[in-house]
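First subunit A sits with subunit B, and in the next complex the same chain sits with subunit C.
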Partner chain A sequence: MAVAVKTQNLPLIKKIRNIPKEEYYVPGHRTCAGCGPALQYKLVAKAAGPNTVFLGPTGCMYVANASYLCTPYAVPWMHTQITNGGAVASGVEAAYQVLIRKGKREGELPNVICMAGDGGSVDIGLQAMSAMMYRGHDALFICYDNEAYANTGIQTSPTTPYGSNTTFTPPGPVIPEGKKLFPKDPPQLVIGGHPAVKYVATASVAFPVDLMNKVRKALNVQGPAFLHIHAPCPKGWKFNESKTIEIAKLAIQTGMWNLYEWENGEYKYQHKPKEYKPVREYLKLQGRFAHLSEAHIAKQQAFVDAKLKAPGIPVAIPISPPRAEA
Partner chain B sequence: MFIIPKEKEVPLGCITPAPVTEQTMMITGNWREYRPVIDQEKCNLCMNCVVYCPDACWQLNEAEDEVVWNAKYCKGCLICANECTTEALSKVYELDFEDGVVRLEKPF
Partner chain C sequence: MAKEMELSGCAASAQAARMAKVEVICSYPIRPYTALMMELAKMVANGELDAEFVYGEGEHAQLSVVAGASAAGARVLTGSSGVGVTYAFETYSPIAGGRLPVQMMIADRALDPPGDFGSEHTDAMSCRDQGWLMGWAENPQEAFDNSLINYRIGEDHRVLLPQYVCQDGYFVSHIPGKVVLPEQSQVDEFLPPYTLPHPLDPKHPVSHGPQIRPDQGTVMDLQRAQAMLDAPAVIQEAIGDFNRIFGRNYSPFVEEYMTDDAEMAFFIMGAHTMTARHAVKHLRSQGVKIGLVKLRFLRPWPTQEVAEALSKFRAVGVVETSTSYGGAMRGGNLLHEVRASLYDVPQRPLTTSFMAGLGGEMVPLKEFYYMAEVLAKMIKDGKASKTVYWVGFEAEA
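And now, the complex of A and B:
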């Protein structure tokens, strides 16, 4: 029985001039001016090329783009519920495998890309995403992280940083810092709990060549892959829309975001600054952190420092010895 | 009751045609307040504006060897002017232009 395997080898991009010119996420969509998620969608669609199927769990990139009868996707795209992005990606991939095996479809297995927001991948959609990684489907799951449920009016999500002012965590006399909890770490969640996963990386819109190369690497491997992409949101984070790239760069320079890739059990870091700037410089540009006091900023700095000591490397937990038989 | 015109009816299964180079049903050019204006002499084709535009409104014209702006869809976020390495892009108020503020004939 012939098994459909991906034989494609998308070449890596060396320079910004060599980025392909074809657009598969065309102009004419309803996202806000300066939208970070729209920018990463454009770059991902360029990197993936024409032989691609996009799946859009509910989120900004579905609600704002797929308005009545008009979608900006020049490649096949389907809406899925926010809970089941990973499950639909698994089904689409399995259906193409069967069609190719039975000889009803010619050509290469398409790149199945599930473009979920932070809520659709690590909050509401976590079980479907985890199941896709566990079963080992040949699909790419992308979590574009704008750190809130932005299309419903900036509600807090598990990846919202400490101290954010969101609709669900407004600062007040009782809780002066706004959000009290520290965020989840999606790539570590995927690496730590899914033995079938082949490639995990984090990327940022500030480094487009690096982002596109990571998408191509993730599509070249046979098996599930996960990408976590930092995408600043001018509306939700309350900054001027022309500063999207500036904020994304500052996040890397201050250590709020780390660029790394994980393949075959090894970590590789990209664009790591020689010296990290204080977190304050990143926080002061954004209106969502405007209410923070010195004590809160120090707490955020301590969290980032603890993370940077071993960015991306899981902490070794001592395994307790098996209990002696009574 | 809200009646949908015949040509705007959603087909069975909500399958809609995919756009090829632009989605003409959502023209966003009338959103902008400021317009990026390029000085072609200062431009060194670093491609920052082409890569960083979320709406793909800057494209490289290889024959002319210059970047071309798409007035129909530019939302005026000015990421391009902020990221320009040679300061070839400047922001100009939209109402200063003769053809400023593109109005749609009817809502989409």
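And now, the complex of A and C:
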């Protein structure tokens, strides 16, 4: 007798004081002070609750978290290779579908969440992530974006911004800007070619209630969902570890990061600034951009301006032109 | 009632998966193994098998999907051939080290270059040292049986290791042979439901595969090695039960054919064993005292059984269907292990190897007759003048 598979319906959180007290990502890890990815992990785990299985591709949230005998996960967690988070998550979801259907497991389908870094999401992990989205597994893929291969010593990834000084893109007389390429756009990659996907959103550690509600919405839809979460990295971006939230907010205020949801083909924007600050305000706080010249900053500004006007990221209010260069 | 059918190796493996009630399957097309997935896809579509059939986006994903499903508590099957087997290489150690009893059917295919559909064991042999159980089927019946036997052994909590269940591409995978399909009740008696000691279950949270310090690594390697050491006793038990329940007569590790009073023997595994049997039978009718020893498990390698089986001969010819470029024996992989197994035997036979069937070529009877000539000359000369003969490319015996 086949048993129908039910998924849970997590209520949305109205205010920060309504956030559950229970922690499922607990102390005991070894991340750096001010770590954005660790903070977002804590919020994601809180939002998802106890009926959750995490898949952790290799990356900071594996290497700095999952030490034998003191992992911080109070829910089931499994390491995956950096290459295959989406595939392993697909397998866990498929197993639960059949095991519940056959009556071998009781209860609702657990939240299957793949927590991958930017490399594990849209670089070496792109194929597995895309296939999970294509096949329609009822699972959530989160790209926690610290904009570099950080645990290996800050190397460039496809989401590392233009002009970043990383250990693979050091600035020098021949290549003065360091990184010459502009980044991939993970949520647009997912939205652009995966008809099974129900829900895609971007989030930031600067807005925890918004982040947690996006996690819950993503888990409540039946089918694949993708979250792109901005998670500043004090070590990689070279800023003081007390400024993680300030940097994350500035990214949104300058248009370097946008908060939006995509559901049923519709975009909705959150915490959109009335007027964008120049990207310089964001760049100047971070050592990774310290070497940039005025021309490089102008190039970055032009990229952001174009992105804010680009199709697929409609802006409901008029964008004020960036302030003139000083 | 058990029924007899004509099935290819791929179709036989699919029947085994159906009767083992496999729960998660992950596919990706590559010849020749892909006929297995075509059969399974039909079974799922027809409602003969209640399983999740996941379209992998490549072999690496195939292994990753079934790893996740196995860790969540489902019985799983995947498979591949040739460069597909090597494409998934990264996943083999994490699966074995994670002690996930994944089953992978390999229908051998030569590796590139150039593109070659033929069967050669190099694909699977390249992956042999990762902690997977491993052995070859000679015919579709054995492909069917080995699938059930390997689930039973791999899922045993004393072992908990993944399994490469190998069959030669085309020679076994696509040529129909007689297969006796047992009753479901026989399979259920032989193969208990799959359980994992610590599955991914929110009711009992566990962490799989955390980071370790270098000083914790040896212990884990030792445990994986110990599982291989513990496997033979479980294999013996499983083969005993299999023979009793299904009325078969398998030896667990090595099978002998016409070895009574034999002076020399072929040491072989897989599809070409069938031709070798005919060659031995013919040579016996000519008065040549030759026999045959067939290997059923390459991993764990049955050191003692190989030594006992081979030490009674004066000369042994190892038939290699894989390459080990630059290896100590200058040929394939098997002679290394055969010679290592015989090292402590006081009366060692003379040994050499024959590169045959590479690229998926047939190994016709006349090539086995040639090998027998070489073995006879070794006995006459009292020495093996070479460790490898490339059959068909040598001037003389």
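Quick note on the criterion: the second predicted complex is superposed on the first by the 302 of 326 C-alpha atoms of A that agree within 3 Å, B and C clash if a C-alpha of one lies under 4 Å from a C-alpha of the other, contacts with A are read in each partner's own complex, and residues count from 1 in each chain.
Throughout what follows, contacts are C-beta pairs under 8 Å (C-beta built on N, C-alpha and C of every residue); 3 or more make two chains touch, one makes a residue touch a chain.
Every value quoted in this text rests on a predicted model; they were computed, and no experiment measured them.
After overlaying the two complexes on the shared chain, residue contacts for A:38 are found with subunit B alone; subunit C is out of touch. Of the two partner chains, subunit B and subunit C are each touched by A:67. Of the two partner chains, subunit B is the only one touched by A:23; subunit C is not.
By the touch criterion stated above, A:244 is placed in contact with subunit B alone, subunit C being left untouched.
Once the two complexes are overlaid on the shared chain, A:128 sits against subunit C while remaining clear of subunit B.
By the touch criterion defined above, A:302 lies against neither subunit B nor subunit C after alignment on the C-alpha atoms of chain A.
Residue contacts after overlaying the shared chain place A:76 against subunit B and subunit C alike.
When the two complexes are laid over each other on chain A, subunit A has residues 67-69, 71, 73-77 in contact with both subunit B and subunit C. The part of subunit B that touches subunit A in the complex is made up of residues 8, 10, 16, 18-28, 31-32, 45-48, 50-57, 59-60, 70, 72-73, 75-79, 81-83, 108.
By the touch criterion given at the top, residues 16-17, 19, 21, 23, 25-36, 38-39, 42-43, 67-77, 205, 208, 234, 241-246 of subunit A touch subunit B in their complex.
Those residues of subunit C that touch subunit A in the complex are listed here as 23-24, 26, 50-52, 54-58, 60-61, 64-74, 76, 90-91, 94, 200-202, 204-213, 216.
Interface residues of subunit A facing subunit C in the complex, by the touch rule stated above, are 2, 50-53, 55, 62-63, 66-69, 71, 73-81, 83-84, 87-92, 94-99, 101-102, 104-105, 110, 127-128, 130-131, 134-135.
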